Amino acid sequence: MKNAFLPMIAVMVAAAVPAFSQTQQAPNDAKAAKHKVVFQLNAPKPSGWDQIFHNVENVQKIFAADGVQVEIVFFGQGLTMLLKKNDEYAERLKEAADKGVIIAACQNTMRAMKVTTADLFPFATQVDSGVAELVRKQEAGWVYIKGGE
Amino acid sequence: MKNAFLPMIAVMVAAAVPAFSQTQQAPNDAKAAKHKVVFQLNAPKPSGWDQIFHNVENVQKIFAADGVQVEIVFFGQGLTMLLKKNDEYAERLKEAADKGVIIAACQNTMRAMKVTTADLFPFATQVDSGVAELVRKQEAGWVYIKGGE
Amino acid sequence: MKNAFLPMIAVMVAAAVPAFSQTQQAPNDAKAAKHKVVFQLNAPKPSGWDQIFHNVENVQKIFAADGVQVEIVFFGQGLTMLLKKNDEYAERLKEAADKGVIIAACQNTMRAMKVTTADLFPFATQVDSGVAELVRKQEAGWVYIKGGE
């Protein structure tokens, strides 16, 4: 019985996590996912910006049966994709977030660019450092893919 | 005795694998190779296009004694390197394929670019998704290197 | 007692290693570090050249308590950052090296660009092949990050 309910509880817990929580705390369902993939996006527009959505969709589709958890870490010029004023990507980012993709903004880049939480799409989570996040995730067994061309 | 003959058998098996087989099925010698390296090439020409041949040759030369298996996954703008009409790279790609490098074309990119198997060099293999292939290979213990600059 | 002195000895040994030694031999303190991160820099100026210093500093700061070892592998156009005549980056590179970051120049690129040891900053170490070095480090459990945009 315990095993049968665990995934359901994990999903409920994940759904209950507020949008602004640190990614370190959030994906309780990541443990259940067989495939875990973290993407780096630090490239300026348009290098790989459209492609990353295809990449994420393909990964989600192909590994759907096994369970898959995806995170995109935005830093450097890549962070600008998450600015509210960047409405060209708003819909696709929202759609990805709705499908469980963790959209992680680097707080170091935010400070350097004088970007505040209010400037970012509300579904963006924040991490202390984009690169440190990539290190942590890889150390935790996530597969790493560099987005951008 | 068994150990002495194993590498020879691996080479024979690899040579017998037809050029168009899926990479998932192909590299029977990959298990014998101590080093396994998968390169990502999604950059448009000329970013890293010449460099990747040097990279692959260096890896093959330096790890030759231990055994090494190399795959290059082409997707996005990188796929255009594999188009038959791109004769500038034909010889070097053929040479790499002849030396056992798996040349993998992303079928998602092929569809998006309306590229057919007939448009590609005959030594190119195909994978359902370039990114999914990079995930699978890393999960199977392959080292990942992002080509392009 | 033994455990208390080991880190101190490791630091002393690392400090005693001459600047030109191969990175394979050098970082005796890497085993003690909980986090090991290797960066690839093969991008031409200015792609990610400033960013990589921020990346390294963030990683060093965030993982300081656990111990962290960082190496940057320079090859292709990235190698030109290490040329003595490139005084724009001299100070930041020296500072990184002084803080224990391994600055590794690819000898294959050096030959291709007719760059000699005398042309490089004195704190640069050398590796036979930048890509082979990235392979070795990943095989040894280092986390890999692609620098550049």
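Going in written order, the chains are labelled A, B and C, and every chain counts its residues from 1.
The working rule: contacts are C-beta pairs under 8 Å (C-beta built on N, C-alpha and C of every residue); 3 or more make two chains touch, one makes a residue touch a chain.
The structure displayed is predicted, hence computed values, not measured ones.
The angle needed to superpose subunit B on subunit C by their Cα atoms is 120 degrees, rounded to the nearest 5. Counting the residue numbers that touch the partner chain, subunit A and subunit C have less than half of them in common. For this pair, subunit A with subunit C, the centres built from the Cα atoms lie 29 Å apart. Contacts with at least two other chains are made by residues 144, 146 of subunit A. Of all the residues in subunit C, the ones that touch subunit B in their complex are 40, 42-44, 47, 76-77, 108, 112, 128-129, 131-132, 134-135, 138-139, 144, 146, 148. Residues 35, 37, 48, 51, 54-55, 58-59, 62-63, 143-146, 149 of subunit C are the ones that touch subunit A when the two sit in their complex.
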